[in-house]
Structures are given as C-alpha cells and as structure tokens.
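Heads up: the structure comes next, in structure tokens.
Chain nomenclature is as follows: A, B, C and D, assigned in order of appearance, with residue numbering initiated at 1 for each chain independently.
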Amino acid sequence: MADPGEGDRMGTNRLESFSDGVIAVAITLLVLNITVPPPGTSDLAHFLGHQWPEYLAYMISFLTIGIIWINHHAMIGRLREADHTILILNLLLLMTIGILPFATDLVAKHRHESLAAAIYSGCFTLMAVVFSLLNRQVLIVRGHLLAETLPLDERRQIWRRAASGVVPYVFATALAFVSAYITLGICAAIALYYATPLASTR
Amino acid sequence: MADPGEGDRMGTNRLESFSDGVIAVAITLLVLNITVPPPGTSDLAHFLGHQWPEYLAYMISFLTIGIIWINHHAMIGRLREADHTILILNLLLLMTIGILPFATDLVAKHRHESLAAAIYSGCFTLMAVVFSLLNRQVLIVRGHLLAETLPLDERRQIWRRAASGVVPYVFATALAFVSAYITLGICAAIALYYATPLASTR
Amino acid sequence: MADPGEGDRMGTNRLESFSDGVIAVAITLLVLNITVPPPGTSDLAHFLGHQWPEYLAYMISFLTIGIIWINHHAMIGRLREADHTILILNLLLLMTIGILPFATDLVAKHRHESLAAAIYSGCFTLMAVVFSLLNRQVLIVRGHLLAETLPLDERRQIWRRAASGVVPYVFATALAFVSAYITLGICAAIALYYATPLASTR
Amino acid sequence: MADPGEGDRMGTNRLESFSDGVIAVAITLLVLNITVPPPGTSDLAHFLGHQWPEYLAYMISFLTIGIIWINHHAMIGRLREADHTILILNLLLLMTIGILPFATDLVAKHRHESLAAAIYSGCFTLMAVVFSLLNRQVLIVRGHLLAETLPLDERRQIWRRAASGVVPYVFATALAFVSAYITLGICAAIALYYATPLASTR
C-alpha cells in the first residue's frame, strides 16, 4: 500500500480473512434450518424421519458453499493485491453466499414447490455467475494484479473452464418447473461431482 | 510490545482479525431477517413477492456494512499499532455495526413507519460518526502511530473527505419524517454510489 | 502454489482460518439452544432449574467441539500443504461439527428419549470417524505433504492412538437404547477425560 | 512444534484466531436478543421505548466482552507458545463468554428479578475468575512459555492487578438480592470504567 491516502488497493490477506469469515458463518448458520422437534413430540422417530429434506438440503448447501470456498481460495491465491472493483465484486459474491441459508430453508420447507426449488437453484446460479465475473476480473481484466505472469491465452482458458460451471445450474433452475426433485437431484449431483477426485484435475 | 506489563499497545493484526470477525458475523446474520414462508403456505409466490422490503433491506445493509469494512481496512492499514483509545473507539464502531441486523429487520417489517426508517438511517449515521471519530484519532490525534509519515495537512484532508460521508445519512434520517421510502431510497443510493468506480477515487 | 492453474494445492493457512471460523461459529451457536424464560414467567428459579439438561448439553458439546479443535490444530499443524482430498475430507469433518448445535438441542429437549441420545452420540461418532479418515489421509496416505519427515511406523502409531478415540463413542451410542442418561454420562466423561492433563500425554 | 507427535504445544497464532472467532460471534449474537416489534404493532415508539433494558443489556455486554477481548489479547500476546493446560483453561474461558448472550437476554427480559441479575453478574464473575486462573497459568505457573523473561515478582504484581478485577463483580452479584438495578448499574459502571483512559494505565 504505497500511497496511504489510497484506500482501494489492498493486499489480499484481509480480503481472505473477511471472506473466510462470511463463508464460515453462512455455512454454519445452515444448521439453524433443521427443526428440533418441540418438547413433548410423541413420535420422535417419525418427526425426524419426516424432515429428511432438511438434512438433504443441509448437506447439498454445505458441500456447495464449501466448494465455492475452495474455488474462492484458489482464485484469490492468484492475486497479489485487490482493487476497488475486485473488492465490490467479492462483496456481491459474499452477498449471494450469505442468502443461501434462506434459500436452503425455503426449499427444505417447501420441497414440492417448483418455485422454491427454482429459487434455491437460482441462488446457486447467481452465485456461480458472480463468481465468474469476479474470476474474469481477476484473471483477464486485472491481469497485472496477478502474483504470477501468465499468458493471456492461458488465463482465458482457465477462466472458461471455471465459467462453464454456471451451465448445470442454469439447467437445474429451468427444470424446477418440470419437477422440484429433478432440481434438487442436479444440485446434489453437482456438489458430489466437485467433491470427487474427478474435479481435482480441473 | 516492548513492555509486557503494558497491555494497551498492540499490533494491528489481531485488531483486524477481531473486527473482521464481528463485521463478518453481523453481515451474515442479516439473512436471518428474511422470513421463510411457514410450511403449508398456499400461495408461495404471493408471500415471497410481498416481502420485497426484506430483500431490499438485506441488500442495502449488506452493501453498507461491506463498504464500511473496506473503509475500515484502509483506515487500520495505515496504523502501525493501536492504543487504548483506538481499541475502545473501534469497539464502539463494532457495536454500531453489530446493531444493524436489528435495525434492518425493524425497517423491513415496518416499512411504512417513519420511526423505523429514522432508526435505520440513524444507526447508519451513528456508525458513520463513530467511524469518523476513530478515523480522526488514527489520522490526526495519534499520527505518530501511523505506519507512514504524512504531513498534518494531508492527513486532515483525508479525514475531511472521509468524514463528509456522514452528511447524506443525516439528511436521510431527517427526511424519514417526510416519507420512510425517501430514507430507504437515499440509503440505497449511498450504498450504490460507494459500490461504483466513482467512489474508488476518494 | 507453483502452477496458478492448479487450484487444488494450497498452503494450510487459509484452511486453518476457514476451519477455525466454522468451529468457532458452531461452538458459539450452542448458546441459542438454552431457552430464555418468556417474560412473565412466574417462578423463574423453577423454570431455570428445570432446564438443567440444556446447560449440561451445552457444556458437553462445548468441551467436545473445543477438544476436536485442539486435535484439528495439531493435525493440520503437521501439514505443509493440502490437496483436494484433504480439503474435501476437512469439509466433511466441518459438516459433522456444524450439525452439533442441532444434535445438542435435540438431546437437551428430549433427554428421556433413547433415539435423541443415540443421535447425539452418533453425531460425535461420525465426527470422530471422519476425523480419523482425515488424519489417516494426512499421516499415512499423503505423508509427502507433511512438514516434517517421519518414519511410516511412527506415523501409523500416532494415527492408531488418535483413531482409538472413536471406540468410546460407539459404546455410548449403542448404550443409548439401554438408557439415554448412560449415553450422556459417557459423552461427558469423554469430554472431561480429554480436558485433564491425562490426555495431554497422548 | 519440534515433535510432530506432540500435539499439545502450539504457537499462539491459531489460539488467537479461534478465540477471536468465538468472542466475535458471541458479541455479535447479542443483537438477536433485541426484539423486533411484530408487524402490525400499533404504537411502535411505545413498544421500542418499553424495551430499553434490552438496549442497555446489549451495550453493557458488548462493552464487557470487548474489554475481555482486549485483555485476552494482551495476555496471549505475552505467550510464546501454549500447552495443554492453557488450551483447556482458554476453552473454559470461551465457554463462559459463549454463555453471555443467554445471560444478557435473561436479564433484559426479567429486569425486575433479582435471580436474573444475579445470574447475569454471576456469569461475568465466573468469566473474570476463569480469566484470572488462565492469566495465573500464563504469568506464573508457565512462566517459561512467556515470550519475554520477567522477574517472578513483577509477574505476580501484574497478575494481582488483573485478578483484582473479580472483586467488583462479586459485589455486583451479591447486591442483586437487594436490587436487580444496583447490579445492572455496577456492571455498567465497570464496563464504562474500563472503557475510559483511566483503565489504560493498568
């Protein structure tokens, strides 16, 4: 930070620490969506079994947020410093992650509803889109802020591979109006795919 | 920390880490204010559409807290170490940030009420005032704790530019008694302004 | 991070910072499970005394999560860098920790129910199992990522000692169907054991 | 960490990061105790004015937790590394901090009740006692882990000065059975005292 009067450039340490904080809180708040049976519930097993969508939604969202964290880490790891546009795009990304506890609760409580599934998957889509915009800024527009020099071609290629992750979420969202369960299934499949070693070669 | 019996001077690392934590939690708790329609809600679309003020308030508060975080980072980044007064003023700043999930929920649930809008905007005003006091302490009163030597004139100028950010919030608060919507509009406009590249030249 | 196109290897700093965040939020959310008597409660002492299982469950879970944090720290401290498998196993570990505020609330509100105690202890078992898998990956499978070279025999021994911690949780879970209180007692005893200097010689 | 098989010694970085996390979450969860008037509340000003004890309790607890954070920082800043006993005592300290959102809500909702005030102040007392025990361990028992060599006499003196902070909380707790308001007043006075420059010469 050469010019102390210039508050817009910053090293990436605190950007990471703040982002880690928001993502960690969002991922942990997901548990508040799982209903504890009120005292006096007569058939506990039935009550708990009946709310399987809450567990499923918890797992999908937890994995998805965790994977976006891994990708976020890799992206920011490439940066030497951040400028105002990167800070603001990162803030928008955190905003789309921060809304996920709501979307997760919504789809768990209304699993038959196409609209709820579409909003759930739509939030993932939005998150993926903002991530791609931020990634594009980091890799292509602000290439001079990268920690390491990379030819533009290679940076474009990295970006395209990452950006293609938006596509399945668009499908999942559109298919919500066929069946909410298809949407949930695709979201689960995407999360599982990225959790396997298959995705580690990206 | 030359004198281990002196607990009041500290490097800024942990000050940043604690502040990042509080701001990250406060910004992420905002999502708890968005109501999930209870199971069995017949017209989900209507219910969700009807609560647009909750989404709007979420976005305004998220952006505003995010921007105060960016400014906080820039301010602390200038410090080499913090003394007791800076720690306490920083704590008061965090207290005004910590109250925002309440103020956000209040204005979202009572959007017609001038009082709710005035409190919402008033909390932003308070936050901006405490930020200015802390900034003044950092830049002017405790100039010897800065990481880099700057002429007093320049420091005063930086402070004045930053402190002028209080003014629009005072207007927004006063205008709540004309219409709560004007207040919300001004708060949204301030957040959007700082999110654009326009603000990055401050 | 030699190859910026390779997002899967990372230093352990941010892995620690994210894990610390999730564990810190989960451990602090436990307090939300303790019921505040509604205003107007006539016999406050009776109400507060009656909910002793909430305090007990808070303490057991707090200690247990705290001890897993200590162990997590020691485990990650051995790593020089993390790969995709380690990141994903760590994410699964955080998922099992993240569910504990739910399981804690469940057992506190339904302390007579074997099922609730079995789920509570079962969550601890699951956490211990995933911890062991991650620990095995760190110590044995990915030995080349360790910060310090250790003979395989010694690494196996460290792992076995750590993995044996799963056993008492399996017993505690099985015994829930004899009495929920036995399960709670064993879970409390495990937490207390690890909190004493006895455990520090592991 | 010379011996990788020894997980009980650790540098203080992650101890600080985890403690910062827990304290930051606890201090920010305090806001959840402030009731948002339900939609349709006719006299918003009356409702909000009537719950002044919630604002007061928020402020006292926020300041008190913030000050314990400042003291915690100073204490850990003296350490070069932590052992098992220090980790466990620190965990117990975090447990007493983690309970404060409950105690704060309790006293705010039952401000006329001596019992509620005694529990509130009692939690502060407990926190101060555990802090003193931890501080004693750091300064006196484990003096060889300090970052800087200090004569035992001086360390004892530092400790005694710090430990004396328990006394006013004991008084505040005992006086709850005279009047809950006296207790609240003393707790507020203690927080304000430590927030002034008076306390910075400790």
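By our rule, a residue touches a chain if its C-beta (ideal position, glycine included) is under 8 Å from a C-beta of that chain, and two chains touch if they have at least 3 such contacts.
Note that the structure is a prediction, hence the values are computed from the model and not measured.
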{"item": "Label of the chain whose CA centroid is most distant from the centroid of chain D", "value": "A"}
{"item": "Numbering shared by both copies at the chain D-chain C contact, with half separating same from different", "value": "different"}
{"item": "Rounded Å distance between chain A and chain D, as computed from the means of their C-alpha atoms", "value": "35"}
{"item": "Cα-centroid distance, chain B relative to chain D, in whole angstrom", "value": "25"}
{"item": "Shared interface positions of chain B, touching two or more other chains", "value": "17, 21, 24-25, 29, 32"}
{"item": "Complex contact set, residues of chain A against chain C", "value": "16-17, 20-21, 23-25, 27-32, 34, 36-39, 41, 44-45, 48, 58-59, 62-63, 66-67, 69-71, 73-75, 77-78, 146-148, 150, 154, 158, 195, 197, 199-200, 202"}
{"item": "In the complex, chain A residues that touch chain B", "value": "1, 4-5, 7-8, 10, 14, 17-18, 20-22, 24-26, 29, 32, 83-85, 87-88, 91, 94-95, 98-102, 105-106, 109-110, 113, 115-116, 119"}
